[in-house]
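Next come two complexes, and both contain chain A; in the first it sits with chain B, in the second with chain C.
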Partner chain A sequence: MKVIFKTSYDNDIDLHEDGWARGRIALLVVVMAALPFLVGEYYLAEAANTLIWSLAGMGLMVLVGHTGQASLGHAAFLAIGAYTDVALMNIGVPWIISFPLAGLATGLFGALVAIPAVRMSGIYLAIATLALFVIVEEMVILLEPITGGVGGLMAPSIEIFGVNFDRYTNLNNFYWLCLAVVVAVTWLYANLLRSPTGRSFLAVRDSEVSARALGINITRTRALAFGLSCGMTGLAGSLLGHYIAYFNYELFSVFISINLLLVVTIGGLGFIQGAFMGAILITAVPQLIAILRGTVNDLTGIDLSVLPGLDTLIFSAILIGFIIYEPAGLWGRWLKTRVWFQLFPLARRDMFRRQKSYLKTERQR
Partner chain B sequence: MELIQLVIGGVASGCIYGLVALGFVLIYKATEGVNFAQGDMMMLGAFVALGLVNSDYGALAFVPGVILAAAIMGGVGYGIDRLVVRQIIGQPQFALVILTIALGFVLRFAAGTIWGFSPLVLETPFAGQHMEIAGIIIGYEDMVTIIVTALLTLLLWVFFGFTRIGLAAQAASQNQMAAYIVGVPVHRINSLIWGLSGVVSTIAGVLYASKGAIDPNIGLLGIKAFAAAVIGGFGSLPGALLGGILIGVVEPVAARYLPGGISQMSPYIIMLAVLVTRPNGLFAQIYAKKV
Partner chain C sequence: MSLLEVEDLAIHFGGVKAVDGVSFAVEAGEVFSIIGPNGAGKSTIFNLISRLYKPTRGKIMFDGRDITPLQAHEIAPLGLARTFQNIELFDHSTVLDNLLMGRHTHRSTNWVQDMLFVPAVRRAERAHRRKVEDVIEFLELEAYRDKLIAGLPYGVRKVVEIGRALAVGPKLILLDEPASGLSVEESQEVAYWIEDMRRDMGLTVLMVEHDMSLVTQVSDRVLAVANGQPLAQGSPAEVQSDPRVMAAYLGTEVYT
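And then the complex of A and B:
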């Protein structure tokens, strides 16, 4: 196990532990950037999809993983991002302006909604966001001139300074664009977490009462977290719109919100890396199921496609398994495994045992 | 006259929302957790009853069939708590939210695999009959819904207020550790309440099925029932029922007199309005969180 020699207090909040960690991240970025030369078009499109999902996952992670607020309606913010971006592009705004504007608009909308919503806690907030989702879905259908209503609309292809980034004709460019956005947002997010603002998010999550005692304005912190989360999700939504190219309100169903929750919980609540792990899982599992289905059909002659909803069943089973046996998610599992290897003969079984807790009511008489 | 007709139909469908909401409130009162699979439990209850009663399947008489279905769903509810939910006791509420959402998908898959995804109709003895009072037509199924709901709410209120198990359940919800110390079998009480909520949701499902066809996706009605429970204030039985009736009445009235689209949004708009003005519902039980 490596011991890091710290020469100043500032080292405690360094973005990377040491040169090795920095090198690993740089290597990952380089490999990701070289991906168009390494894999075929099909896998590249899937990789772009995974990047978009991890962006949306990071959006929800700010809220659920780092501020401790639940949202069941994040598909609504994806929708707002996508529709704002396309609407702006349709009136002639170039993508390079409409994209940040879409994020900003979604973030502002989120923060506006958050001001009454943050007064609620836990379960109430989850339900309020669910209701918000239903309202946004209905609004999308009603606002037909902008959103195309039930028929849907076409996302125009992206062009920046004469370079085309269309998802079908220039997939490589589109992939690099997604990668650039995700890298930028991840870098900002990682830095946010070591700033006073990010630390106040964590404080609010861990104990509202102590956070308040330390002089943190709870309402403002929560509204800010909500706004940031929605903004990031809005950016993901606008990329998703371009990725799907032709979409209507059905793209942003309640299942998308639940899939996003799946991304953050299975990936690992409270870790940026978790959003990526979850996104990889959620885009890879349907492919694996399809392969499995083919194999089962070839080997035994049982046709699994007669069972619609098998995918959701498998997702649900994975989710239930993770909640019961590994609440820290995939990334948490990896951290535990790493510690086991680092300490090799000394790791003990109860090292990560969960603390026993019991429930006290929030209702007072 | 037209308005009265709409209101009566609204009260009847509101009773169904209210009953599903009662299922939430039961579990919330006893375990302080929210069961997002309640709508799907209602769906499964309706399908189990259909499987027992319809002539293509079990072909039992209506009342014994429904009672048997309620008993089976009580077992399902008990089992869900015993086998799955008990594993995460003491973890944050959010874990239970995600767990029950996933459970809802499992239940939907089970119903879809057994009964298929095409709409089916439950055979009831009172289908299609109605009576007329002073020019207002009341369907028998609406009458039955309203009466059964009123009785059930009364029974549950007595159960929580005056019986040993009901009081024990309230104690367990307020402080699990203290309840355990004074001898309340917290685990078993929780499982019993989940079973009871399964029974209530079966009754809601049967009443829902008496008004039209059912398919495995009717569980999404649960979202509306949530709105009902929130409007009433989670944790209040009569509140949940009143919230359900309010939503049930507003929906058809808004559909009739307001521009299109508002009607579908109305339950959620009311709910958000209630949440903003009275964050803990109209019949609040939460006062302030103490350290």
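And then the complex of A and C:
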């Protein structure tokens, strides 16, 4: 087992525990950046999709995983991000400005909504955010001059200083753009978690009453978490708009909200890496099912496409399986596996056995 | 002037008068204990002082300032920290992070600086860490620094709670039953720490405790409450020999 020899407080402040960890992340980024030369166009588009889902997943992770707030309305924030970006581009704002503005606008909207919403918690907050989602969906349909109403609209092609980043004509560029945004947001998120702000989020999640006794303003902290979460989701929405290229309100259905919740729960609540694991799973499973359908059809002649609920069924089974057997999600499973190998052959069977304990904040209410 | 003055404090939950007309004053630099049978309203008094409850009547003055109208999160920055009877730690964080959360009132950077991790954030983190390391050294928590709270034994969690309150850097520390559930050796350790807090750190300690040997050992003055009302106040020996206190504990008249 590797033991880190810490010689300064900076060892604990730094993002990575040592040079190896830093090297692994650098290698991952390099491989991701080289992906357009390694895989075909179809898989590259899927990779871009996964990156966008990871971004949205990180947005929800701030809220659900790190601040302990539920949201069933995050599709609404994806929509606000997408429509703000396209609306700004349609009046001539270049993407490089409209993109951060879309994130900012979504974040501000989220923070405003949060001020009354954060007084609720648990299931009530989930229902409130669901209501918000319905309102936003109706607004999108009603604001036809901006959103194109039911008919939808076309996302203009992204141009930065004369370089084209169109999803169809320049997929490589679009992919690199998504990667750059995701790397930047991940860096900001990781910084947040090692700073006082991130700690105050965790404090609010784990024990409200002691957070207050330590001087943490619960309402403001939750509103900030909501704002940051919505801001990240807004950025993802804007990229998603360009990825889909031609979209209407149906792109942002309530199933997107639920899928996002799946991303963070299956990936592993409370880990940034969890958002990525969940995003990979949620984008890969439909592909795997499609491949499976083809194989089954070829081998047996049974046409599975007559079973339209198959995707949902498999997703539900995966989710239920995770909640029962691995509440820490994919990333938690990986961490446990890693410890098992590090300790080999000393790992014990009940080492990770969950102790039954109730969330303290729930007890206090 | 006293550091903490509580005047005619009362809170009623419907018809239940949990605390009814309690007054006391804690002088700077003393150890003041509140004792009383279960359900006497001791922890309620603490929750009133830390503004988790809103009093029905009465006034709380801290350091010459009326803190009754303040919100719960506005108390810690004044220099008033507390522990909880049923440990309220952040279970999914390490001991170190729990103690760092105690430094919240001293944070000097905002969330934008935090996200960009500008050099000022790193400097502030180092400064917080030095303060926290002092607490870790004082409470001898070195072995547990990087351990998650969820896996720690009860006695250690109790100590981490005290540590988190000390990390706030308070003038007055409220300890809600610091020795409950601890072994004889551990509560003896708590007694030494309380003495050190007062002597070396210049802290004022307000404590709720059942363990009478601990109370007699460290307290300068004791207030006994029962049914939300004050019974007696004075030195530990005076209060313990007060017939009303004995009656409250034993439930009957005491025959000698």
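Just so we're on the same page, the second predicted complex is superposed on the first by the 355 of 365 C-alpha atoms of A that agree within 3 Å, B and C clash if a C-alpha of one lies under 4 Å from a C-alpha of the other, contacts with A are read in each partner's own complex, and residues count from 1 in each chain.
Note that in this section a contact is a pair of C-beta atoms (placed from the backbone, for glycine too) under 8 Å apart; a residue touches a chain by one contact, two chains touch by 3 or more.
Bear in mind that the values here come from a model prediction, so they are computed numbers and not experimental data.
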First (chain B), second (chain C), both or neither touched by A:P345: neither
Touching partner for A:G151 - first (chain B), second (chain C), both, neither: neither
Partner chain(s) touched by A:Y9 [first = chain B, second = chain C, both, neither]: second
Chain touching more of chain A, residue-wise (chain B, chain C): B
Chain B versus chain C as contact partner of A:F315, first or second or both or neither: first
Contacts of A:A126 with chain B and chain C, given as first, second, both or neither: first
Partner chain(s) touched by A:I323 [first = chain B, second = chain C, both, neither]: first
Touched partner set for A:G270, first chain B, second chain C, both or neither: second
Chain B versus chain C as contact partner of A:L202, first or second or both or neither: second
Which of chain B and chain C A:G162 touches, first, second, both or neither: neither
On chain A, positions contacted by chain B and by chain C: 209, 357, 360
Residues of chain C that touch chain A when the two form their complex: 50, 52, 71-77, 81-82, 84, 88-93, 96-97, 100-105, 107, 109-111, 114-117, 121-122, 124-126, 128-130, 150, 164, 168
In the complex with chain B, residue positions of chain A that touch it: 64, 70, 72, 116-117, 119-124, 126-128, 130-132, 134-135, 138-139, 141-142, 209, 254, 258, 261-262, 265, 307-310, 312-313, 315-317, 319-320, 323-324, 327, 356-365
Chain A residues touching chain C - in the complex, by the definition given at the top: 9-10, 12-13, 188-189, 191-192, 194-200, 202-203, 205-207, 209-218, 224, 228, 270, 355, 357, 360
Chain B residues within the chain A interface of the complex: 31-32, 34, 84, 87-91, 93-95, 97-99, 101-103, 105-106, 108-109, 112-113, 117, 173-177, 180, 220, 223, 226-227, 230, 234-235, 260-261, 264-265, 267-269, 271-272, 275-276, 279-280, 285-291
